[in-house]
Amino acid sequence: MPGSSFGEAFRITTAGESHGPGNVVIIDGCPPGLPLSTEDLVSDLGRRRPGQSRLVTQRKEADAPEILSGVFEGKTTGTPIAILVRNVDQRSRDYSDISDKYRPGHADKSFDDKYGFRDYRGGGRASARETVARVAAGAVAKKLLRTAFGGRVTGYVIQVGDVVATVDDPVAVTEAAVETLPDGEPNLVRCPDPLAAQKMVELIDAVRKDQDSVGGVAEICATGIPAGLGEPVFDKLKADLGKALFSLPAVLGVEYGIGFRGASLRGSENNDIFVPEGDRVVTETNRHGGILGGISTGMPIVLRAAVKPTSSLSREQRTVTRSGEVTTIQTKGRHDPCLLPRFVPMAEAMVALVLADHYVRWIGQSRTLGP
Amino acid sequence: MPGSSFGEAFRITTAGESHGPGNVVIIDGCPPGLPLSTEDLVSDLGRRRPGQSRLVTQRKEADAPEILSGVFEGKTTGTPIAILVRNVDQRSRDYSDISDKYRPGHADKSFDDKYGFRDYRGGGRASARETVARVAAGAVAKKLLRTAFGGRVTGYVIQVGDVVATVDDPVAVTEAAVETLPDGEPNLVRCPDPLAAQKMVELIDAVRKDQDSVGGVAEICATGIPAGLGEPVFDKLKADLGKALFSLPAVLGVEYGIGFRGASLRGSENNDIFVPEGDRVVTETNRHGGILGGISTGMPIVLRAAVKPTSSLSREQRTVTRSGEVTTIQTKGRHDPCLLPRFVPMAEAMVALVLADHYVRWIGQSRTLGP
Amino acid sequence: MPGSSFGEAFRITTAGESHGPGNVVIIDGCPPGLPLSTEDLVSDLGRRRPGQSRLVTQRKEADAPEILSGVFEGKTTGTPIAILVRNVDQRSRDYSDISDKYRPGHADKSFDDKYGFRDYRGGGRASARETVARVAAGAVAKKLLRTAFGGRVTGYVIQVGDVVATVDDPVAVTEAAVETLPDGEPNLVRCPDPLAAQKMVELIDAVRKDQDSVGGVAEICATGIPAGLGEPVFDKLKADLGKALFSLPAVLGVEYGIGFRGASLRGSENNDIFVPEGDRVVTETNRHGGILGGISTGMPIVLRAAVKPTSSLSREQRTVTRSGEVTTIQTKGRHDPCLLPRFVPMAEAMVALVLADHYVRWIGQSRTLGP
Amino acid sequence: MPGSSFGEAFRITTAGESHGPGNVVIIDGCPPGLPLSTEDLVSDLGRRRPGQSRLVTQRKEADAPEILSGVFEGKTTGTPIAILVRNVDQRSRDYSDISDKYRPGHADKSFDDKYGFRDYRGGGRASARETVARVAAGAVAKKLLRTAFGGRVTGYVIQVGDVVATVDDPVAVTEAAVETLPDGEPNLVRCPDPLAAQKMVELIDAVRKDQDSVGGVAEICATGIPAGLGEPVFDKLKADLGKALFSLPAVLGVEYGIGFRGASLRGSENNDIFVPEGDRVVTETNRHGGILGGISTGMPIVLRAAVKPTSSLSREQRTVTRSGEVTTIQTKGRHDPCLLPRFVPMAEAMVALVLADHYVRWIGQSRTLGP
């Protein structure tokens, strides 16, 4: 019944709120023998970290992870790995106003409807702060994918507002291009098309000054993934990936491969043709986004997620109080004018978690009597 | 690890292949006391049934369900409900060609990659035949929603190929308008916009004659759903609904509320404003599609799913054999030139299953110490 | 929330009542490639079958299983296996008396307390009839254990009332000795000590004539089980085996290895000493019953379950009606004067299901990065 | 697949080793509104604490819990509750000897068989140290039982070695009698029969001086538990309670109600007779231990668990090294000469967790359409 766990074989459980003592994740089912230390976690935690640039929330968090269990002499033992990230810069005073008013676009009223009351400090459990635990766990999943079969998961921004990037080949996008511009400057917005990236930054700066926010779209590409992952019916790979991305805050839509554009096509235009390549079978094109029948085909897995404009606005908005009286609210705290730059590592983490989970599941079923 | 169950508290498990003896679903966790008989199942099974019109596959199946357990004197007992739907018209001869060739766009190669071999008759477990079990279970879920709180789930087609319907208000779409045209004729394509429906039928007729297929988009609207359903993090209502729809065959993308269009908006354009309405709080607009923070708000829940054009084509396509040799294939069997008309009851079923599940979950947690 | 599934990786879900149309089990997660047909099921179903001898209930059931899915050309496909066993001899008239009276020792009142009402025909879901689905699934699990690593699970009766058998070495008990007496006659009571078996038969005959019933103890021994199965904390092998046996009707106690006698011992008396044997490490003695730290050691796994005397008695007993009025009841239907003979295949099935599940779980975790 | 979670609706997940930084538990599914603070945890943690008397291990741990999430303004919020207990007195040097030798009766070899290697410090995840997380969670479960319906769970020791206590009525045992002797001194062994308690203390003192250890039996009684908890088939209340107790270290056997003695009885001797009592129905006797058909009857729930003598002995024992060479070992570290005194709060915790879980599950299913 409770909803704080994700995955079946490589399974994570998280806890933590925006303004409590910290966030914790327990990873259960990680295979033994994986080299692991906090060094493996800090890169992605840094990419997700608030305060990393002027484009994101200015909350200051070191986000230094502590591994509490499951690692011995530099390797995972097979027992559960608990990781704790303490909250430091909580500034509860910024949020006291929201204890009685419902912020438009937020979960304040939802939590009251569900639980009868809520931890209103910074959104409590509904804050994107909880994703720090996911990103820590996702870094472990990524390490597993790389170690087990050389798999990689790379995310990047392809749209902010009406600025749309040109990315011809998802497989060609490098992590370096996502993090760094050709001139060596940090790629603040994590868009691998430098011209679009520049326009996106300008747009985000403009909406921020306008006390507004803006949405966008991220794309995630996983390469080197073995064929055969995913279950035929409910736990299709696309279904678990879809759930993974929709479980992130602010995601309004998810598609893979050709996505919504496929609705307009004919079968003869959409089908990807199988062809031999060396001793394997591949497809000439990848409109199927690496998944057929819900199962990975060995081709790159390509997904996109639409992210809404941040609901928190510094400008005044109409709303109601808990008792239903009309009022207005300004969200003075710290928030991201555009969620996309920090969304990239969150999305990568969720995709990696699904792939790690299905890989372990597949090994169990297919190796029991198989080769 | 296995993937044939769906839901946590109202939980279904299915089994069955296209050409085996039959398909079965076990519904575990249905509350006791729900009036139920096969009469409650036949309507949706009929809407999903092959052979219902010239627009769909001509496989002939009575799809007569047998309730094997869990119902006594016309009411559910609280113990598991098993429902069996036998396969009748299996015609295995139509499919013998595919035992050695990979059909483009199908799961044939995926299954070989996953399991080492496959039941090739009609696609085996990968056939949309398995959805007969989901639709039977979904009818029970719908009955529960109606009985517990008057909830309803209505699906319909809003796009086929490049024909796009006009549906101003999802809440205003009646089941009658989905099933019957204004002139009293059956609405073969299940589009509530009669003019678009006519063009969709013409398009499907055309692609069928052309030995081709076409994709589309369905919209699903759930009304009367209580506020408070869904879990804050992984099991957000949008996440479980997203998984539910992505778990259906051929779904390429899912969005709710404003969906992908929200990526282009500013926060000030996208946020829905809370206002009082009698003694409840509603939103002036419903761009949030009835879900905030992953939890239902009491507003109508509106989702859309993009469905790919049927992969099976009567026309010749290039492909490879299991051993990787180049060949061609024509899929002579019976298949839908457009999946959308039969997709509607499948999508309704999956949405109803998620809502029933989260309703029972919410009761458990919120009533233990609550009112 | 619902409780009709068992196992994590090799997972079964059952449905069915005593007097409904039938009982069904879905086995999800069985590895592909296991040779399987109904022939593999009939032996254990026969050992569990009512009417097999004068010592058991005289209900007549063919218990002919139908495999509805998951098997193709004689092998499991990796997709869910559904097995249906229809009820034939239901004779509802025998049980009409119990619709209003609570049978002592039965679940009648429990079901009313839980669900508000119940299917009173033959005990409904509380009848041992439901174990037919478990035994069918257990036969598949046994086949998997034998095929994957030559594992075997053998159960037998070691006590009926105050008649206690002498079984020096559980590993030496053959299935033949459990089923057949040295003189070639059927071993009706499934006790491998022929002298005790004779006394047990006499005792059961006596209690039956006395309109009474009698309890007993069964022992189950699993051999050839690899070391390393079981999880360190909650899903210890002993914990899942304990749950498995306690989940069977009428089980009052479970112990493994030295069991309750170990409470009286000192550590120096109880510890088994590790010694080398060829290239493996074994223990000189097996007081630990094949499990240390909750994980299998490679030594034989030995468990015992205490089974209560059948609650149904033909003699008159005091009780109350649903409305709490004092009355008397005689259970005239058909019931076992002693549950033990038919308990043996049920217990074997549950033990085999746990071992199959933990084997698949172990493969998944240990082979992902391992050899 | 992984085994570090327990429960379905009120669900805990734990992590932590004997000599890592600490142990953590996440409680997911706790209803909102339960008053909770660390004050509620310290009593049971103190009863479980090492160093509490000369009869137990002398490891020094403050066992001060930190609530990391899920509590706001003194009440649970309905979101996951994470509790951290740091390890302080780890003294790894005591255990360095065991890195290469298998301690008799311990999980050292099991872990090597399962994972290929192990965290050998103090037994790692196999140490009873992990139960600190269970006891913290169990305290929350107890608070829920008390708050929701006045339920109580009381454990006590009834046997140490061959000293057997006389406890006529489990319901009459008070927590005070378990913790304090009639003369006001602490009841070091937690046996409510003062004469037996004295003999138990003497026995434990004797075996300790003899560099040996001794086993025993604990009894747990839950009162005030509503009728109707438990599921009919696999998740019978007795099955989940059985698993709960077997999941604790050193438990060799579990029974409830009449237990193994019931094997010798006739049905006419064993059945408890239903009688009216005011407006409810009770049984005249309680041989059924509060559970019929796997479902609680409203009578007291009474269980017993046999606990083996501590495997760690200071005296020399024969064993083998990891590479299979014969050697000897003395376990010099700190260990309990008898596990029973500290086993009591562990067993209470596990029983409380099962009851809390089944209560929330029952509310969900029975209140959805019910009163």
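Which chain is which? They are A, B, C and D, in the order written, and residues in each are numbered from 1.
In this section, a residue touches a chain if its C-beta (ideal position, glycine included) is under 8 Å from a C-beta of that chain, and two chains touch if they have at least 3 such contacts.
As the structure is a computational prediction, the values presented were derived from the model and not from experiment.
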Both-way neighbours, i.e. chains that touch subunit D and touch subunit B: A, C
Same-residue or different-residue interface between subunit A and subunit B, half as cut-off: same
For subunit A paired with subunit B, centre-to-centre distance based on mean C-alpha positions, whole Å: 26
Distance between chain centroids, defined by C-alpha means - subunit B, subunit C (Å): 39
Whole-Å gap between the CA centroids of subunit A and subunit C: 46
Sequence positions of subunit C contacting 2 or more other chains: 1-5, 8-9, 14, 29, 32-33, 78-79, 114-116, 125, 232, 360-361, 364-366, 370
Subunit D residues within the subunit B interface of the complex: 1, 8-9, 29, 31-34, 78-79, 144, 147-148, 232, 359-361, 363-370
Residues of subunit D defined as touching subunit A within the complex: 1-5, 8-9, 11, 13-17, 20-24, 26, 28-29, 32-33, 66-70, 72, 75, 77-82, 84, 114-119, 121, 124-125, 360-361, 364
Subunit D-facing residues of subunit C, complex: 1-6, 8-9, 14, 102, 104-107, 109-111, 113-116, 125-126, 130, 159, 161-162, 207, 212-217, 226-236, 238-247, 249, 251-260, 262-276, 279-281, 288, 292-298, 306-313, 315, 317-320, 324-326, 361-362, 364-366, 370
